[in-house]
Every structure is written in structure tokens, then in C-alpha cells.
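Take a look at the structures listed below.
You will see two complexes here that share subunit A, one where it goes with subunit B and one where it goes with subunit C.
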Partner chain A sequence: MDYEFHWNVVFQNMPQLLNGAFVTLHVSVLAMLLGVVIAILLAIAKMNNTKFFSQVATVWVEIARNTPALFQIYMAYFGLGAFGIHLSPYVAVLSALVFINAGYLTETFRGGFQSIPSTQYSASKSLGMTSIQSYRYIILPQMLRRIYHPMTNQFVWSILMSSLGILVGMSELSGTTQRLQSLSFRTLEFFIVAAVMYFVITKLVLFGSSLLARRLFKGEI
Partner chain B sequence: MNSLFTPLSWSDSGLILTGVWNTIIISVVAIVVGTVLGLIVGFLRAESNKAVNVLFGSVLDVLRSVPLIIQLILFSTFVGAMGNPLAPFVAGSIVLSLYTMAFMSEVFRSGFESVSPSMQIAARSLGMTKWQTIYHIRLPIGLRAVFPSWLGVSLSVIKDSALVSVIGYMELLRTSEQLISRTQQPLEILIGVGIFYFIISYPLSHYGRYVERKMAI
Partner chain C sequence: MISVQNVHKSFGDLEVLKGVSLDVNRGEVVSVIGGSGSGKSTLLYCINAIEPINSGKILVDDVDVHAKETNKDKLRQKLGMVFQQWNSFPHMTVLENAALAPRIVKKMSKEEAIEIAKKELEHVGLGDKLDVYPTKMSGGQQQRLAIARALAMKPDYMLLDEVTSALDPELVGEVLDTLRLLAEEGMTMICVTHEMGFARDVSDRVAYFHQGVIAEIGEARQVITDPQNPLTQKFLSKVR
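Right after this comes the complex of A and B.
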């Protein structure tokens, strides 16, 4: 083995890497929040009786689920250029992630909603609850319990997939790593550190999510 | 006046077909190798005691929690720095297969664990040997139960194979990227690429959901 590791340059550039990690986290949080909002709308649209709405939702879901994430990012970054829309790398990656998150979460939400028997709604109505009350106290808490884990997985997935920003020159964790290694040629060192950082971020998110679950659901999940 | 860019023409179809072929071949390799390794690891994990499980689990956990793109770059620079660089196809197949294995092993483990112990005891009491129990009882029942999840992982591998382009493998998305930089017609080319992935993935994912629904009843 004639490769010598030089870690100094990595430690000197730590602030930039941490900054990249922050951008990674921030783009995936944003992608998740927007994805959830759109997915709720799409799930409602998909269960709607108006054919137009349910078809729009179906097309969105199927495209998002059946094409690679990299394809979506290229589409946002290069493809939209044909319409004169030029997105920055950040916005391109964000919109691709939002698109995919929304697609996957729609099915999660719909499945979660349909797994609650409608008799529970009737039962709560017969107990004298209003519509809003039965959703607030009966339907939604149970639904949240069922979709919590799939949602956490989706969030972890978007953190990992935001690493594709490297291919369109975005300055999140892997993009920053790529830029720094091209300045110093310490490719291995930089990418090892990046891998460790992704691992730590993922683990922290999973840990935080299980803490939150314990608080929200009091252990019964 | 001659433009710097030449539009898309029929003579490009050879290049596109090479990309399609390369995507198919690397996905098939990764799915086959990943399934075989995943089956072995999944079985060992279902069988073994807690200490071995934790060890196996943490290695697999790393493969699942580091982005595939970072794993690809790390592996190909690592073997390069060690003095024997591998061809993009070989390096890509190794990383993608291991990545697939990490997900497949979980799928198969849950399959093996879904076969109830009493069924195994019943098989043993009928005079089957340990291997006969595995071969005739646990494998068929366990594998049937996880077929939809197996299909799901395989489909995501086909989609993830697009990432092997970062280490220089000429799969479909990379050939299309090169065509885009020559022709400056991103939309037409990308839509074509999207349709290709969609045609493969859509029917299979529907079939998976159909099987799942059929088994649930």
C-alpha cells in the first residue's frame, strides 16, 4: 500500500464541510415539509370522486415512484431549460426531492387513512362528536401512528438522495466534498469524512425520531 | 452557418442502445449477486445468536446509511489508490451488489423469521432432516411471503443503477447526458430516458402490489 493519508487538509476545511452538512440537512428538511404538504393535497385528490383530480394525483405518484431520482434532478436542472426556466442547483435538487417525496408520501398517507375503518368515524359521530372532533381525536392520531415510520424512512431517504446534488454542482455535503477534494487531491480522505458525516446525520435523525415517537405515542406504536 | 451543436439523429440510436444495454446488464448483475448474498446473509442472521447479529447488522447498517454515490466514489478511488484500478463496470457492480445485498438481507431475514417455529418442529417430527426442513419448508414459505418486497428492492436497484454513471460507467443516463451536451436538446432526450425507466418499473411495481393484495386476503 503506497497511499499516504493526509488528514490535515480535511481538518482545515472542516468548517466548510460542516456548512455543507448544514445545507444537506436544510434542503432535506425543506423537501420533507413541502413534500408532506403536497402529499396531503395529492392524497385528498386521489381519494376524490372527481376523475380529473384523482388522475392528476395518480400520474404524479406513478412518475415519481417509477423513475430514478437522478432523472428527476436532471429534468429539473437541464430539462426545464427548454422552457426557459433555469433553476439554480439548490432549487433544482429541492424541487426534484419535493416531487419524489410527495409521490411516495401520497401513497403512505392514503394507505394510512384507508387503514382506519370508517366505522370508527360513524361511532364517534354517534357519540356526539362533530366531524372535526372525530378527525382530531379519533382518526388522525391513529393515522399518525401508522405513517410515522414510513415518514421517517422517507426523510432519511431524502437526506441520502440529496447527495445527488454533487452531479449538478450544488454545495451540499457531497458537492462541497467534491469541490474541496478537487482543490487538494485528497479524494479518499475527504470522501471518508463525508461518509462518516452522512452516517452520523442519519443516525441522529433516526434517534431523534424515536425520541419524538416515544413522546408522541407514549411507547405504544 | 454551421451550428456548434448537431441535432439528435438516427445515428445516435446505437449509443442510446448501448446505454440501455449497460443499464440492464449492471442491474441484472447487482440484483442476482445481491439476491444470492442477501439470501445467505439473511439466513445467517435469522439463525445466528445476538452477538453475531449485531456485528452483521452494523456492517449492513453502514451500507444503508451512507449515500450510494459516496460509496461508489470511495470504492473506486480506494482501489485506484491501492494501485489496481478496476473498470467502471466491475467497481460499479461490486458496490451496487453489496448495496443491494444490504437491503435484500433484511427482506429475506424477515421472510425466514415469518415461518413459525411450530411449523419447523412439525417438519422435524415428521422425520425431516434439518436441511430438508430448510429446503422444503422454510425456503419456499419464507420466500413466497417476501416476494413483493424483493420486487420492490429490485426495482429500486434498477433506478439506483443510474448513479453508477459517477464513476464513468456508460449507462443510460450518462449516455443521455453526453447527447444533451452535444445536441442541446435536453427535454427530448430526458423524456425518452424517463419513458424507458417507466416502462420497466411501472408494470413490475403494479404486479408487486397485485401479488401483495392477493396474499393479504
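Right after this comes the complex of A and C.
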């Protein structure tokens, strides 16, 4: 082991790395929010009796869950590019992550919804609640408890997968790291620091998520 | 008064209620007995407007339950219902279970709702479980919670669908005691039950359901101990 570590150059470039980390968080949060909205629609479509809607949803879910994320990102960036639709690296990665998040979360939401027995609905109706009240107070809160952890995991997954942005020249944490190490040749140092930053980010997300769960679910989880 | 008048009800091609008529007066306890699939639960669901009917009429205090203009959510406030499978809301404490509907349906203040809920929970013997989550309780306790939750809406009628038949045998007694207490206090009840002793001792009248019709109805002790219809006789000799 003759490698000599030189950390100085890494610390000098800290502002750029932090900026990259911010972009990583930014794209993951956005991919999660959009993914959730689309997944709600797809889950409803999938449970819908209209064949067309449920088939569209099924195709989406199957492709998203059974092809590599790398492929999705390439399709968004190079694939659409071939048709003259040129997305920026950021938008390409964002679209791919939204596509995959929506696919996985659709199944999470559908499973969560179907795991609530229909008798919970009749019980709340029998107390005089309207349908909206039954969903608001009885069905959705129970569903949220069941999908909360899978959603957190999906978010962490998004953060880590956004590192594939490196392949299309996106300036998130990995892309920034790649660029800085190639300028300075301190490959190991930069990638070690980047790995630590990913670790800290995901740990913070998990910690925040469990704090929030404790507040939302009053120690029930 | 609940008045069921010549009600027919089908699920697809299957006619489940084939002309059922039954009047239940205020303060009266009527037990409904009968074989599996004879339509007992369906009758309760029709009274509570959870299931629509095909023909006939059901009046609750002279309001036509199934008329288009009837506000069914409002009507259900009068009709407490308890199901075979205790449907406690698992994400809420015992107290929250019982206080929710008074608060959001009757728009009571939080304090008022909690007070009523506490009172009804003490009523069924759950006064020491207020902050417990229902999943931590036995089936019998959860079923008593379901009863208290319905009572907290101050219903005029209680519809009980085999509330003891999913319970372990040793837990049946505590729930029947609670129902007995309600009957003594003058609550109007329709109880679908497989507990013949309960039907005989607690109810005023017993109706025997057979394949979607009331094959026999009469004074409770008489129907249970001295049934007139051969079908009732056969049913009772089997369940004993």
C-alpha cells in the first residue's frame, strides 16, 4: 500500500461537492413527489374496471419494475434524443426516476389499499360517517401506516440511484465527484468523501422519517 | 319503530329475502335465528341501508330507509350496528374509537365527545382501557368496544349481527352480559344470534329465518322451547 492520501484538494472543493449533494437531494425529492402523485393515479387506474386504464397502468408497472434503472436513464437521455427530444441530464434523470418510483409505488399503494378490510368501511358507514369521512379518518390513515416504510425505502433508493446521473453528465454528487477527481487525480479521496456524504444523507432521511412517523403514528410503529 | 314490509332482496340471480315482514317496537328485543345463508345478516344490512332492496319497504320511525331522498348517513346515526367480526379501528385508542363518530358525525366538541365515549366505555366495562390500542385487547373486549362505539352515537336502535360467534367460547359470556344489560335498560334491539339461551332469556320475541322467509315468529320462550313449525323444530333440534 503505497497510496498517499491527500485530502486538501478535496476540502478545497467542498463547496462544489456540497452543491452536488444538494442537486442529488433536489432531484430525489422531486422524483419522489411526482412519483407519488403518478402512483396514486396509476393505482386507481389499476383497480379500475375499465380495461384500458388498468392495462396502461399494468404496462407501466411491469416495465418500471423489470428493467434496469440505467436503461431508463439512457432511454430518456439518448433514446428520446434520437427522436429529436433533447432533455437536459437533470430532466432525463428526473424523468427516469419518476417513471420507476411511480411503478414501484403503484404496487405499494394498491397493496396498502387492498390490505384494509372492507369491513372497516362498513363499520364507519354504520356509525353515520359519510364516504369522505370514512376515507379521511379510517381507510387512508391505516393505509398510510402500511405504505410509510416502503415509501421511505423508495426515497432512499432514489437518492442512491440518482448517482447514475454520472453517466449522462449530470452535476449531482456523483457527477461532480467524477469531474473533480479527473481534474485532480485524487480519485480515492473524492469517492470516499462522496460515499460518506451519500451515507450521511440517507441516514438523515431515515432518521427524519422515523421522527415523523413517531409524530404521525404516535408510537404505533 | 322499525317496520319491514314485504321486503325482497336479491344478489344477482340469488333471491335472499323472499318477502320478509317484521315490526319491532320501541323497547323491544327481537332475536333472529336460522341456518347459515338464510338471509339474517342481509336483513340487518337492508335495515341499515348498507344493502339496497329490490321491492317492499323498510320504515324506521316512519322514514322510508330506501327512498332516494332519504339521507342514509343521517339515518344510520339512529341505528347502531355491531358486526360478527369486531371492527375496531386499529389505528386509534379505545377512547378515540368511541369518540370519533360523535365528534365528526354529530359535530360535538372534543370534550363532549370524550365525555360521552368514556361513559359508554365504562358502561361496557372498558373504563380502564381508554388509552389502549384495540389490537392489544381480546376479541370479547374488542366486541364490547364495538358496542360502546355504537352506543356513543346514542342510537335509538341496535342491530347486532352474531356478535359472539367469532369469539372464543370463554369470551362469549362477557359480551352477552353487556347485551343483557342493554336490554334491561330498554334498548330496542334486533339480534341475529346462534345463542339459543340468550334468545330465550333476553329477547321478547324470536323470529326463525328459513331460506329467506320468516318461517315462525312468536314470544321468545315459546318459539325456543315449544316451536310450532316443523322447520323450526328441526333447526332447534340440530343446534342443541
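The rule we apply is simple: the second predicted complex is superposed on the first by the 221 of 221 C-alpha atoms of A that agree within 3 Å, B and C clash if a C-alpha of one lies under 4 Å from a C-alpha of the other, contacts with A are read in each partner's own complex, and residues count from 1 in each chain.
Throughout what follows, a residue touches a chain if its C-beta (ideal position, glycine included) is under 8 Å from a C-beta of that chain, and two chains touch if they have at least 3 such contacts.
Note that this is a predicted model, so its numbers are computed, not measured.
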item: Which superposed partner A:Thr202 touches (first subunit B, second subunit C, both, neither); value: first
item: Touching partner for A:Met75 - first (subunit B), second (subunit C), both, neither; value: first
item: Subunit B versus subunit C as contact partner of A:Ser54, first or second or both or neither; value: neither
item: First (subunit B), second (subunit C), both or neither touched by A:Leu164; value: first
item: First (subunit B), second (subunit C), both or neither touched by A:Gln16; value: neither
item: Partner chain in contact with A:Asn153 - subunit B first, subunit C second, else both or neither; value: neither
item: Of subunit B and subunit C, the chain that contacts the larger number of subunit A residues; value: B
item: Common interface residues of subunit A - those touching subunit B in one complex and subunit C in the other; value: none
item: Subunit C residues touching subunit A - in the complex, by the definition given at the top; value: 48, 50, 73-74, 76-77, 79-81, 83, 85, 87, 89-91, 100-101, 104-106, 133, 146, 149-150, 153
item: Residues of subunit A defined as touching subunit B within the complex; value: 1-3, 62-63, 65-71, 74-75, 78-79, 81-83, 156, 160-161, 163-164, 166-167, 174, 187-188, 191-192, 194-195, 198-199, 202-203
item: Subunit B - residues contacting subunit A, complex; value: 62, 65-71, 73-74, 77-78, 81-83, 155, 159-160, 162-163, 165-166, 173, 177, 180, 185-187, 190-191, 193-194, 197-198, 201-202, 205
item: Residues of subunit A that touch subunit C when the two form their complex; value: 117, 119-120, 122-130, 133, 137-138, 141-142, 145, 217, 220
